[in-house]
Amino acid sequence: MEENNVLLHMEHITKRFTGSVALSDASIRVARGDVHALIGENGAGKSTLIKVLTGVYRSDGGTILFDGQPVAFQSPQQAQHHGISTIYQEVNLVPYRSVTENIFLGRELFRWGLLDWRKMNTEASTLLKRLHLSIDATKSLNTYNIATQQMVAIARAISFKSKLVIMDEPTSSLNDDEVATLFAVIRQLKAEGVSIIFVSHRLDELYAICDSITVLRDGVTVDARPIASISKLELVSKMLGKDLGSVQQSGQTSFDASRHHAQQEVLLDAVGLRQGRKLQNASVKVHAGEIVGLAGLLGSGRSEVARTVFGADPIEAGKITIDGKEVHFRAPIDAIRAGIGLCSEDRKIDGIIPDLSVRENLTLAALPTLTRSGIVDRKKQEQIVDRFIQRLGVKTAGPEQKIRELSGGNQQKVLLARWLCLNPRLLLLDEPTRGIDVGAKSEIQKLVEELAESGMGVLLISSELEEIIEGSDHVAVLRDGVTVAELSRADISQNVIMAAMAHGEEQSGTGEGA
Amino acid sequence: MIRLEQRLTMLKELRSLRNIGQDYGALIALVALIIFNIIFTRQFNSWISITDLLVHVTPTLILGVGMTLVIATGGIDISVGSIMGLTGILTYLIFSGKLFGIQNIVLGTAVAMPIALVVATLIGAFNGLLVTRFKVQPIVATLITLITIRGVAEVTVNGFQFAFLSAPIVSWLSGNLFGFLPRQVILMAVIVAIFAWLMRATAFSRYLLAAGGNQSAARLAGVPVNRILIIVYAISGLLAGIAGLAYIAFDSAANPVTDGLGKELDAIAAVAVGGTRLTGGHATIMGTVVGAIFIQLIRQTLVALNVPNDIASIIIGMLIVLAVFLQRQRKA
Amino acid sequence: GSGGNSASSSSSCVPGSNTKLVKPSSTVHKVAWSQNALDGAWRFAEEASIADAAKAHGYQLLKTNANNSDVQQVQDIQNLINDHPDVLLVDPHTEDAEAAQVAAARKACIPVIVVDRDVNEQLASPGRDFATFVGGDFKKEGALAADALIEALGGPSAKATIVELDGTTGSSPAILRGGGFNGELSTKAPGIRIVAEQTADFNRATGQQVMATLIQQYPDIKGVFAHNDEMAIGAITALKAAGKHPGQDIKVVSIDGTKDAVNLVVSGEEYAVVECNPRLGPLVFDTLDKFVKGDDLPAWVVQPDRVFKKADGTAAAYLPNAF
Amino acid sequence: MPKVSSQPGIAALAEPSEATTRVGIKERLPRVGDFVRQQGALMALIIVVTFSFLRYDNFNTITIYSVLNFNAQFGLIALGMTFVIMTGGIDLSVGGIAALASVVAALTSSHGFFYALFAAVIAGTLVGIVNGIVVAWMRVPPFIATLATLYIVRGVALRLINDAASVNLDQKSDFITVAGTTVGDGFLNPPVPFPIPLLLVTFLIGILVLRYTRFGRYVLAIGGNPEAAQLMGLPVKRTLFWVYTLSGALAGLVGVLLAINLNGGSATEGNGWELIAIAAVVVGGTLLTGGVGSVFGTLVGVLLLGTIVEILQLENNYTLDHGGGLYLNSFWQNVIRGIFLLIVVLLQSRLQQKRARQST
């Protein structure tokens, strides 16, 4: 590309943390109007590179040219001021403030020297409409679910008149239609000459929207080129640092539903769950040894089903039976004792204990099995931790590293291990592969499969339909908190599920019936 | 792969170096202060001055241990000073026969101490209940207790101060073991040892830190968060009660208005100087020990050097900030 | 309150603009009492004495307690004025802060008697703004303590070092007692030197702590002067713990006359206690009765203070009455 | 790639449907909750005041002025504290700053009122700046930073007046006359002492600042999620700095009121004021964890707590005059204050939990 067409040029960036080297020789070159994919395994250094650029971290070496000028931003504020707006990996907004405020924080609109709320509210609504989001912008952000919050973050980022918009895994908590909306917006931005850096672990998305690509591995840029010139397989092999031959690909996912089959024994039977406005009449049934997919649109209440079954939220009506016995869990601990695990969808809020080590995070739920009269058996604990770090390929400086220092994907793996090490009989997985790289994803999928094979029941919530379609023995579809379809293996197909998600009442006859 | 291995071992070394900085930061400051004392104040290095230091740090340190736990859960307990005051008065009322009419002072004392400690524990548990069941923010919950309990202590005796030089609790607790080891110091050491061990080896400590680090995640991981919190506040209350007993033993008087007044601030300062972050999820009992001794030693040094009170309080303020600031630098 | 009582002030007084000393009417019912703090044996003895005397004289007593805060006491007095008592008794926290309120009471036609601690007489003067001041003399107490300590250490020609334990920094008894003591000491016995002066907040435990440290640093001292008994008791405990023999090798003198301290004097561990009599009630209400009768009052009704020692038997004689 | 191909049927789902119109009503609910929660304290205040009017002969304009005048000091302290608490911090040094400022005002009073006012506010502001620097840039936790400052300002105040308890205003300065200024002479009888309008105007400004200035929004954003505020490019440190500076400046202003009330400066005054302020802020509905708050609520909280204490005194007087009331000595103050606070907080917690249930 021509030099004056280059908007951003970062070269030989290094970044060390006490305890780890995140970037050793990373470079990236983004042209004007370019939608640029930044990819790599979990912990490759993508988020770190972004944070170095936007002034969250100081780099330890390397040069940054932005818009022709050498820059070294001291703070996100300064970067924003120079025309870089960023959506960071975890949703980073202010929970108790309104949607409008979150969008306008830092560049409020004034009238006679005072904030002009009316105008800001209107503009916020307009902006959100552009993202097909019709929510009340004056309501506080924490009343909306994580996907909506992500959309708000996107709205905020694109509303700056920026030269560069950075999106660090914006789609990991979005549904297909929202992804489509986002892509429309990205195309529009591109048409306006804005450059985009786009981080995602969903390769399809990259091919759908990106022009060029930079691949990071272990903090080093290993490849950069137009995306059209590299095949998906090649890309994966570059990311993982393995040769082409060892990177196999069969389906979209590593699931193979033929490998496990429902046994007779019904593990979980939840009928007619009702909880506030989130759940109206939700039912789901899981047999031992099967994977049941729970599909539904954003906000349809899937997470709520998992949480109520797990005793994390109370139910107002409905019946939950485990092994044929009705249960009334008052708290998650009751469910855990009954052999249930829940890997929750929001790892930052409901998952990690940031300041505790990987070891302690991993074994937190298993502590009762590791203690004798209140005292932890350190040796046993370490054995378990080592085994799971190896098995899941958690990239960490060691079991004693604080979990908050791990990359997002690796945190997710530790959380998964937290439940796997308990050997539960029923595992509720809420978006288990969110933000996980392809390698790890297939590893996790295989693992889940194995577990099902060995007789565990799995309830799988995923926004990636492929996962559900290829992995599930049964699928339950939720719409507005109501189970509108229950499909068995033979009936599972993308079209059927989507139809049920959209027009639930047509379910009769599609599945085995509710 | 080799490159990665190398890197990992290197990182481990770096990490342990950093840990030394974290764990011993306050200790280094304390050692510096001790050296200063050995040079500039006479007779510092005598046995008596050491036991004296330890005797005087006892109430603050006992409070500090409880405070460390509370702060590790992400809370704070500012009611401990008031609980100290009430425990003293209650003990006095019982062993002097005013409350249950027990005439024998030895029997009275034997009854008084457990009752006072149970009451202190219950007050702590009530704090915990407010924090968990009613979702009152810890500083508000314990502020309510601070105000009310101080008032109750005053109202029960109409504010009167009581002196009891002859009570057995006084002579026993303020006495020495083997003629040179003050019993209070032994009591303190035992408490510190118990809790240092507790924070190291038990599942309880992991639960406590998890609850402080991320409450909702801890709950989902099966940590009985509410129970843990209530226990922790109850422990803090109990330790405040013990500190109250140590204080009246040392003072041979129980004063409902001034006993324990402002002691919570000393305890919190000790915890912070010791390196426990006030935001929760982290705790070091030995750090608190060092922090409490550090603050007490500053006070004593300033008295020994006959620094006027106004200047002394300026110096104390500055040193506390400095100590905490340096702690944070090590961590950053 | 009912408006009826306020009418009992002399009818010539116009509330709001009165400039002369107010005389109470002969039908005094309600007496207001503004206490500055209730935080130790001394204050309780004073409070009880005032309450008992009020009862004995047949008055209703409306009480406030400012908890060691000037603003609180200013507010208390304003409230009391608004309640229209027949007479107002004020034990001011500091000299200056409450003086304006004493004048305000005069303006509102409420006669005032100042008790225990005086107000700054440049801001409010006896005979014009208030009837009189009833109380002891802090400065003199300090001087008496100095005399006792000089005597204990061997007379005016004695050479010795001593330490002084101050009351709460900035409080008026601490300032006045310290001033009286230092003045007397430097004029009468220049050979006695104060090597350290530290505050112990009028508090027993703090007195113990501070003394424990000081005795390490100044092992050769021969005397201790504490601004109140509580600190002296703490100091004596600390001295004993450090292996000293208070009463023999170190002489301790303090001010107040509490039971605990006088006990120590009787047992010989403390050399002398200067009385600061908290039982002001009888004197205050006798003065009030005279005032009501229309007698002229002196500007200062002095509560005489005594010195209790073991040697002359005064301590033992006083002990049953100690508070 | 079926995943990205946008199906028209799906996209249609994102369109506003009847679901959103329903949401409109639901959204109002939490705001009604908010309203009740904040106005709950106001209701309590109205009830308490009405009760006092009916019961006590003495509860007249003078009493009200006196309560307001006295509580103006706590009010201004609590106003600063509200902003500090909304950032998730705390300022323990306010009482000490007020005392120091009163000393400064008294020492400079010979130069005239406005000179002394300026000096006192500057003194408070300087201490606030120190707090701000230590908290924002040295990243010392606010609790410790301001505790240390409390020690320091107490020491400095005592040093300034050579360990005396207090120092007088220069009796010849115009401080005395200006201090007695009242507002509304002529049409209000009696006219209002100036601290009262000062209190009200300052709170009005506080309300406007919180609601209608960028600063106010930053304060709430930082309290709500400091990390996000940082990443959103907000000037976190600068805002924290200004919040503590503001708290110091207001405490300095309170020092002037203190000097007026005490006719001089006191180095030892202001003990426990931080707790009074925190209690008022809590009663007013501001979360101590930061991110949510109400300035008006704080004003109501201050007045409510102030009135409760006042009633104790009025009731004692009533008992003496009429009999049949409750005579409680001063030690009951703490018990009653504590229990009252407990009731308020429990009610708040119930309302909040109810609200949480409604809004889901």
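In order of appearance the chains are A, B, C and D, and numbering begins at 1 in each one.
Note that contacts are C-beta pairs under 8 Å (C-beta built on N, C-alpha and C of every residue); 3 or more make two chains touch, one makes a residue touch a chain.
Keep in mind the model is a prediction, meaning the values are calculated, not measured.
Trainee: B-C or A-D: which has the larger count of contacting C-beta pairs?
Mentor: A-D is joined by more C-beta pairs in contact.
Trainee: Distance from the CA centroid of chain C to that of chain D, rounded to the nearest Å?
Mentor: Result: the chain centres lie 36 Å from each other.
Trainee: Suppose each chain is reduced to the average of its Cα coordinates; what separation in Å results between chain A and chain D?
Mentor: Each chain reduced to its C-alpha mean, chain A and chain D end up 42 Å apart.
Trainee: With centres defined as the mean C-alpha position, give me the chain A-chain C separation in Å.
Mentor: Spacing between the chain centres: roughly 72 Å.
Trainee: Please list all residues of chain D that touch 2 or more other chains.
Mentor: 158, 163, 329, 331
Trainee: Pull out every residue in chain C that's touching 2 or more other chains.
Mentor: Counting only residues that touch two or more other chains, chain C contributes 38, 169.
Trainee: Where in chain A do residues touch two or more other chains at once?
Mentor: In chain A, no residue touches two or more other chains.
Trainee: Under the stated touch criterion, can you name all the chain pairs that qualify?
Mentor: A-B, A-D, B-C, B-D, C-D
Trainee: Could you list, by residue number, the parts of chain D that touch chain C in their complex?
Mentor: Those residues of chain D that touch chain C are 57-58, 62-63, 66, 70, 73, 158, 161, 163-168, 171, 258, 261-264, 266-269, 271, 310, 313, 316-318, 320-322, 329-331.
Trainee: Under the definition above, what is the set of chain C residues touching chain D in their complex?
Mentor: That would be residues 1-3, 5, 30, 35, 38, 60, 62-65, 67-71, 74-76, 78-79, 82-84, 94-97, 99-100, 120, 122-123, 168-172, 175 of chain C.
Trainee: Using the touch definition up top, name the residues of chain C that touch chain B in the complex.
Mentor: 38-41, 44, 166, 169, 195-199, 203-205, 208-210, 212-214, 216-217, 219, 233-234, 237, 241-243, 259-260
Trainee: Once bound in the complex, which stretches of chain B touch chain D?
Mentor: These residues of chain B touch chain D: 76, 130, 134-137, 139-141, 143-152, 154-155, 158-159, 265, 268-269, 272, 277-279, 308-314, 316-318, 320-321, 324-325, 328, 332.
Trainee: Looking at the complex, which residues from chain B come into contact with chain C?
Mentor: Interface residues on chain B, with respect to chain C: 41-44, 46, 48-49, 52, 56, 159-161, 163, 165, 247, 250-253, 255, 257-258, 300, 303-306, 308-310.
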